[in-house]
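Across the two complexes that follow, subunit A remains constant while its partner is subunit B and subsequently subunit C.
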Partner chain A sequence: MAAIAQVKSRRPSLQLPVWKALLLSLPMLLISSFLWVPNLSGAGDSLALIAGIIALLGINTIFFFMLYTGKTDRYRAVMFIIIAIALPMDFIPWMIKTYGSMMLTDEIVYSGGASFCPLTMPMILIPALVKRVIIFPGELLPTMAHGAFSLMFIIWVAASLSVGMGWCSWVCLYGGWDEFFSRLRRKPLIKNIDRRWIYLPFGMLLAIVVLSAITFTPIYCEWFCPFKIATEFQAPVNLLTSIQVGIFVVLFIGLVVVLPILTRRRVQCGLFCPFGALQSFLNKINIFEVRVDLDKCSECKQCLRTCPTFSLDESSLKSGKTLITCTKCSKCIDGCPKGAAYYHIKGTSLKASPQTARILFVYAGFVLMLIFGGEIVNALYRIFKLITTGSML
Partner chain B sequence: MIQGFLLGLANGTTCLVFCIPVLVPFLLGEGKSVPNNLVTLSKFLGGRLGGYLLFGLLAWATGNFLSGAAGLQIPAYAIAYIGLAILLLTVGLRAPAPPASACVVKSAPAALRRWPALLPFGMGFLAGLKICPPMLLAFTGAANSGSLLGSLLLFLAFFLGTSIYFIPLSFLGAFARLPDLRIVGRFAAVIVALYYLFSGILMFAGGV
Partner chain C sequence: MKYIKSFLGYSIAVVCILISIMVGPMIGLLAEPFIKTTGLRLSPNYDGGEVRQTIDHAAYQTLVHRMVFDNTLIGERKEGFVQVEWAPLAALPAHIDEEVDVNGDNQADFRLVVDTANKQSVLTPYSSWVQELEGTYRFKNSMAVRVRLKNPAR
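This part shows the complex of A and B:
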């Protein structure tokens, strides 16, 4: 006990004084109000207003505690999981209301009725550049089907410039599922995972990019996406589509539920997702990174054992850097007993204040969470509607 | 012949895109130097030329017996897809050779020693059998040429026109010296193989 206390006392804290945390939370309150209030006022429904106010208070409380306690990962994970759960809670009732089912018919797909998803980006880029064809006939908003790709592309580039691979722990609408299931057990049942599996997302990226370019179809969406089953999928009307739906179910249960529970890692994100692989290359153009101070590091390897996306290994630790797949989730920073892991801004001194880098990164990440997490208000609204009317539609 | 060359030149990028799923994972998975990759690429292109000439033959035959050839096409493509998948699986799942394996290779039976060298040729041949939109155009032109020689020459010219775009691919292997990229190439080969295997089986099963 004394040894633990000694370690804890040596650990530098990222905690902020209450007044400072409150002051730094105020801009986020303004940003969140600016982003979310226009949607609420248009609803003309008192339930929507209540849902919006509760959501605004909730997310700003989370942000305050993130700053105040210095525990970035703990509160990021809460928000990340809420966003992932909110998406199907809002999206599936919307699908049922609009199309009568969460299953898409050929007519809906060919008319561009499927919702646009950022995960399609790696497959769309080459056909769009070479043949000027958007191979995913989707929409982002019902009123702007044809501009969906352009808007998504701009948002994606902006987000990548802001947080890089941080997308996968702060912005992604699906990663929260992995995050949730990976946190259910206190200790992992499977500890030793062959390091070669970390290359599977890159292999998957290469395969789906070239296959999509030759077939002019979004191969990942048709065959490999584990999250189809939690959002929308082609109706199983024949052998082919039945097999596809079967694959989606198996991938979701295996990669998103079972393996994260057994390993306490985000298996889908770290060992499968091709979008994450593409995003990791964009880490190079982003200014934020996670580093390890080798003077402070006691080589306990706690960070290696807990990194949810397998983004640290022996050699990277020796160089004081994470691998390119680091999602900047801050789990290693929160968990390091010596406070050796820290956020860093590229180009600045390694001895520069880690707190400043952390606050700047948290701001960028949280604002993107707000932009992509608007579903929270809608999901809350649908829950209230279920309670008061018995229907989420 | 000029028509075939221009057709190949105009559509070479599309052909490249059709062949990349086979060639890139293979080159990355093999992890050889740039000169060695040029040899591999040559073998691949040689195989592809064989496939194209076979198509020239088929186009000529189709021109004469249009109705008869239609029934054979689907099983032929299905076999080509499955064969391609098996070759890619061989590349993806084959254990990488250890650095000091020269003696092991030397002691292997002669037929087995030759097998890895034949892989790119076989893959090129099967890739050449794949139908892609420009190939269909060339096929139509060759079928209409009326003579066997004219059909073969058109496909030879088509092959030359498209092959120009393949040369930069040989430099991919330079990156493959890194063991990491070799593993990526192997994973990609297995995923692409599974896709073609499934497509081939579906073709045999008569679609969906």
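This part shows the complex of A and C:
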């Protein structure tokens, strides 16, 4: 124990002095106020304003501690999980108020009433390029409260350019569920996972792209998405739709809850999600990456054992790089006993300041979190409404 | 060269942050031009396709959409549908009885009798390629029926 403490105390730290962390947090306070206050001031409801102020203070406190402690992953995960939980707390009451239930009827589908989800991107691209049509029953331009195609597409392009596969740990609306359940146990019950499973998301990507192009329907949404339990789903009015509902319930329980608890890994995100597979190709064009300093690395392989998305293996570690599936969550960086893992900006020297790269990346990632982070405000508002009026609607 | 690459790297990193900051405020400005420029539209599977013919009645209109067989990547499908819509919802009579020409040859292809209050419809096909009723739907401001068709061209 004393030896571990000694090693930990010698471990190079990304911790910042308080004054520096405060100074570097100020721009985030300004940015988050700039992004959120116009929406809050237009709300015309004191409860919404209070929710907004609490959320604004909360997220900036989280950001400050992320910088101050040097523990990016810990505080990123807190925000990420809160956003994932906030989404159904806002979205489901909105569905019930707007349509009477969480279930999508044919009427909602044929009137373009489904909220556009970014996970549909892989499926819609080919029909959009070939026939100029969007094969999703949502709006193209925003007229309703939640999600139009044009908005989600622009966010997706911007986030892909800005953080690449960092989407999966910084932006995704649903990944926080996986993240949450993967952190419940202190130790995994299932440790040895066949690494060939990491190819499944790519297989899923190919399958859904091809099948969606053939059927002209969003196959993943109809058959494979586990997160429908937290958003909206086709009404089970016949055997087919009942089977679809059954599948997504089983997938949520298996891939998002049980397996992450047992493995302490993000199983849905790392071993199933086809959107993640698409993002991993876009990782190539992103300026940020995670590297391993081979001079400092003691080959303890803790990073291999703890990476939530299986993005490190023996050969990548030997070359000092992560695999293309790296979501830049910082778990390896925070957990490395030698401080060998670090954020790096492509083109800069491998010995360049890891702190600078970290701060720049964290700024890009955290600001993107604020886009969907508005769900925190909405969820808080609904909680206040529940307390004051007895209803979240 | 090393310094140029390093400068470019940091510059692009800063640009990434600026993209992250600006995407939120810019979304509203970019969305409409993006859709207009790309010419993207919703799949006819969902919006029923363009309205081909509008028939005026006293208090309401009948909107006959085009036949949809092109909800596929290449070519046309052997089977499709046509959507017939009546609007506005508030002005619709309790029963609608209408013969519909979907292919523009001035001959009725089927007859629809719609009970608007109970959302029930009866289809009487006149053409061999008119198959069956898919469903009757009440939207926010209209009522619609989808009729399944065989592609007469195939």
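Heads up, the rule we're going with is that the second predicted complex is superposed on the first by the 384 of 393 C-alpha atoms of A that agree within 3 Å, B and C clash if a C-alpha of one lies under 4 Å from a C-alpha of the other, contacts with A are read in each partner's own complex, and residues count from 1 in each chain.
By definition in this document, a residue touches a chain if its C-beta (ideal position, glycine included) is under 8 Å from a C-beta of that chain, and two chains touch if they have at least 3 such contacts.
All values derive from a computational prediction rather than experimental measurement.
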First, second, both or neither for A:A213, with subunit B first and subunit C second: both
Touching partner for A:G176 - first (subunit B), second (subunit C), both, neither: neither
Which superposed partner A:G203 touches (first subunit B, second subunit C, both, neither): first
Which superposed partner A:I31 touches (first subunit B, second subunit C, both, neither): second
Touched partner set for A:G276, first subunit B, second subunit C, both or neither: neither
Which of subunit B and subunit C A:P88 touches, first, second, both or neither: neither
Contacts of A:P226 with subunit B and subunit C, given as first, second, both or neither: neither
Per-residue touch tally on subunit A - higher for subunit B or for subunit C: C
First, second, both or neither for A:N238, with subunit B first and subunit C second: first
Partner chain in contact with A:G373 - subunit B first, subunit C second, else both or neither: neither
Subunit C-contacting residues of subunit A that also contact subunit B: 126, 130, 213-214
Residue numbers on subunit B that touch subunit A, as the complex places them: 13, 17-18, 20-21, 24-25, 28, 132, 180, 183-192, 195, 202, 205, 208
List of subunit A residues in touch with subunit C within their complex: 31, 34-35, 106-107, 109-112, 126-128, 130-138, 140-142, 148-151, 153-155, 158-159, 161-163, 213-214, 216-217, 286-288, 345-349, 352, 356-357, 360-361, 363-365, 367-368, 370-371
Subunit B partner contacts - residues on subunit A that touch it in the complex: 126, 130, 196, 199-200, 202-204, 206-208, 210-211, 213-214, 219, 223, 238-241
Residues of subunit C touching subunit A in the complex: 2, 5-6, 8-10, 12-14, 16-17, 19-21, 23-27, 30-32, 34-35, 38-48, 70-74, 83, 135, 137-140, 144, 146
